[in-house]
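Mind looking over this structure? Questions follow.
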Amino acid sequence: MYSEKVMDHFEHPRNVGEIENASGVGTVGNAKCGDIMRIYLDIDENQIIRDVKFKTFGCGAAVATSSMATELVKGKSVQQAMQVTNRAVMEALDGLPPVKVHCSLLAEEAIHAALWDYAEKNGIQIEGLKRPKTDIHEGEEE
Amino acid sequence: MYSEKVMDHFEHPRNVGEIENASGVGTVGNAKCGDIMRIYLDIDENQIIRDVKFKTFGCGAAVATSSMATELVKGKSVQQAMQVTNRAVMEALDGLPPVKVHCSLLAEEAIHAALWDYAEKNGIQIEGLKRPKTDIHEGEEE
Amino acid sequence: MEEKKCIYLDNAATTKTAPEAVEAMLPYFSTWYGNPSSIYSLAAESKKAVTKARETLAGILGAEANEIYFTAGGSEADNWAIKATAEAYADKGKHIITSKIEHHAVLHTCDYLAKRGYEITYVDVDEDGIIKFEDLKRAIRPDTILISVMTANNEIGSLQPIREIGKLAKEHGILFHTDAVQAFGHIPIEVNECHIDMLSASGHKFNGPKGIGFLYIRKGVKIRSFLHGGAQERSRRAGTENVPGIVGMGCAAELAERTMQERAEKERELSGYLIERMEKEIPYCRLNGDRNKRLPNNVNFSFQFVEGESLLIMLDRKGICASSGSACTSGSLDPSHVLLAIGLPHEIAHGSLRLTVSHENTIEEMDETVDAIKEIVKRLRDMSPLYEDFIKKEGKEDVQ
Amino acid sequence: MEEKKCIYLDNAATTKTAPEAVEAMLPYFSTWYGNPSSIYSLAAESKKAVTKARETLAGILGAEANEIYFTAGGSEADNWAIKATAEAYADKGKHIITSKIEHHAVLHTCDYLAKRGYEITYVDVDEDGIIKFEDLKRAIRPDTILISVMTANNEIGSLQPIREIGKLAKEHGILFHTDAVQAFGHIPIEVNECHIDMLSASGHKFNGPKGIGFLYIRKGVKIRSFLHGGAQERSRRAGTENVPGIVGMGCAAELAERTMQERAEKERELSGYLIERMEKEIPYCRLNGDRNKRLPNNVNFSFQFVEGESLLIMLDRKGICASSGSACTSGSLDPSHVLLAIGLPHEIAHGSLRLTVSHENTIEEMDETVDAIKEIVKRLRDMSPLYEDFIKKEGKEDVQ
């Protein structure tokens, strides 16, 4: 069902954990749908992501996309992190089953939510960043 | 599907053939339904069935019931022959599959038809004998 | 019962499951028995096997794998195709066209719909059992939603002009379903060339196991589920997959495809030999079905003055397995609707015999069969009042 | 794929076909392959085998052989029972009662009917997953034609009061159908004692093959055909009989019946041990389903703060095959309708695990399984934001 990359990131997730006094924290998803992701960012004064951690409640794909997303933004600038799309996460994982594509969207949203928190706390604006939905599944119901 | 008795009478039918100048001949059934039986009777002056022959176009059960019916009436008086019911034929054959019960009725009718012919030719009446239907399936259609 | 020698000539009723197919099935009973819907690795094996079979079947038809839906056999495929189409397209119309010589799985399904407000046109066939194409054309109406005509008839083997029918249906924007239960695995079929929208097949008719078949449904055809429940078969046909059955059918299909040409040649040789000897040596008999446009393995004769069941039983006593019309209708008193449709009178239809050979038969078996039939037909005629009348009336000599 | 050691704990999804059943099937593929509808001796063997299986199944239920109708599985049996009854009794009424925890084969069939003018009442269950009998009683109306309540639930194993339901239905002159797919072969069922009019079962749930099942229909029940065509199954279910499947299911049923008591005892021992250790050793977990009125082989737990699929995949990596809700619903994003019906909040329902043992499992395997679950649950909680919040909010210590 899952690619080897997904299985690897699921079984050995990178960057699991919390960051105390993080520069930004974002939580997206909801338990009703079975996926919640939280991302902690530690960003230095040059807007470089020094460290990143995540916690995820969800399926294998949710864990793997969180793990991959953190890898993709770690050490990058805030602007570079903004370029990490769900597509990039999926590609880095060698693809996801169609029913699991929403997990990669969630990972993108989680990064954005954490960046938003960082921007708000520091009173800055990040180009292209929109206020995150508190629940990314909002407005998606039929 | 068939009892051993039926198979025996089907494979080795007794009394197959014709009787020239028979005392009575009866033909029943129709080709449309796939069964035709013809019975020839040779009846002596004491109303004893001296000989009997049959020809049948039909399934295994039709052949076997014809054969058994001829055996049951052979050597009997006309009155005794009147007692040979389809039930008696079936019992003598150790039964028939439900879809084949009509064959035993046909055999009874064939005997009756031959007796009727005999009675007509000789201007006598046989107790309990009714004019045979020319086609026993007449009036049976839904 | 002891395994005794028998000459099996009823391959249209069912075939021997190929030992290769049985072999292929075996691991999926007690080793890789996982439910393909489960997510653990054990189940991945059965899922993979199902996918492989689906691809094999699709490949043979020139279709996509996701256009193949597994069913419990040909009857379910026919019921599904017709009932679900009728329902899905009811707002377009309620008229369905089929032929008079379809299998009961199609005819009785159409009868069922006829009682529920649908109108069915049963198109005639000619004396060779081939649909009257002009009649079919004329039957088309603006509210016609489906044409269902079989690829090959199960009793007399006649091949229907499905390519022309498919073209016609397409031109009129009407769906085309074909019951290819007798044809799949025996003659080449290409769903795109023939514009087939739905096609039914059944494993046990081409040396696969019984109880498994499939319905091909062209992408884009709006069709409802027939069995509701789990999400199997892309939510269109519920029920835990019959993994061993699917694997067995896939293996048999692959085998059938690979050996089709040589099998057909062998079958044509055998059936041709049967036809030739019977026509030459048995008087008052008639070959039913088209002499050329027929399944390679099919031989169907009517013998005047003789009833079919008697013939069958006597053949069985000689170890020869044959059939008189469709296997499904045995037990019924009516003669086959197919033989009546090609214009045989009832009594002749009652005296019909179907022999369907396989490539495993031999010429020696054919000789044995013809000799047996000759002897039995003579014996039955000798006790037939119809034959007696015929000889007397015609003043003919007994030519038997 | 190599055959590797695995602890199979998903016997509610499907079971290993018993080697005895496979053995029994084998001759019917390539030796006695005749079509049971044919009249020659070769076919008599397959007919006999089908009859024997029918008698075995009937005997187990206390039914008559001619009340057993073979189908392609549990889903077809459920679809047939409900759709055909709905049609046959439509003039009496169009109201059907079922429960909220039926299998999708029943629920989706009811949904289908609901869209076609039938009214369906879905009766609630209590927190143990047992139907609220008083609610069921109150749901009965003059136009109620059918009550369909399963014998045992496939996810949480809860046994329904079918004896009482049967009595109630009979008193009101309403037909009673029960989906016994999970129960048949596992617990005793007697159709007369329980006033069951129709009962569905599926071979692969009791160590028979996949792709074969049956519907028991009490004599006198007016029911229509579902698959139209040939005259098989007393003209009620068309299609060439799946002879090997029928034989395999018959053999498995006989085996299941004969060993039922000892198997159930062994299963109860194993499942009881699992439940005991898990409840004792894993915090924030909950046993779903009734503690006593449950299938002997069923264990269903919810683990707070943990998502089911992750748990399953990690168990699979350790060679343990389990399930999270019904096998059929995996792939879906919604948590199981059964777990929601017993009142679990969504996030808890998402964290459920079903372990269904067989008598072939061992206590050592149970230990290995609990150890694995403990470790995995801890790992998943450590990366769960829900658990993080819970610990922080409650000011609790991590008790894992």
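Structure notes:
We call the chains A, B, C and D, going by the order they appear; numbering starts again at 1 in every chain.
By our rule, contacts are C-beta pairs under 8 Å (C-beta built on N, C-alpha and C of every residue); 3 or more make two chains touch, one makes a residue touch a chain.
Just so it is clear, the structure is predicted and the values come from calculations on it, not from any experiment.
Separation between the centroids of subunit A and subunit D, computed from CA atoms only, is 40 Å. Each chain gets a centre from the mean of its Cα atoms; for subunit A and subunit B, those two points are 92 Å apart. If you average the CA atoms of subunit A and of subunit C, the two centres end up 57 Å from each other. In subunit C, the residues that reach two or more other chains under the touch definition are 39, 44, 309, 313, 331. The touch graph of these protein chains is an open line.
The chain pairs satisfying the stated touch condition come to A-D, B-C, C-D.
Every residue of subunit C that touches subunit B in the complex is listed here, in rising order: 305-310, 313-314, 317, 331, 333, 335, 345-347, 350, 380, 382-388.
Interface residues of subunit A, counted against subunit D in their complex, comprise 2, 7, 10-11, 13, 16, 18, 27, 31-38, 54-60, 62-63, 99, 102.
By the touch rule above, subunit D contacts subunit C in their complex via residues 1, 3, 6, 8, 10, 13-19, 21-22, 26, 29-35, 37-45, 71-76, 78-79, 103-106, 108-109, 111-112, 202, 204, 209-212, 225-232, 238-245, 309, 312-313, 315-316, 320-323, 326-332.
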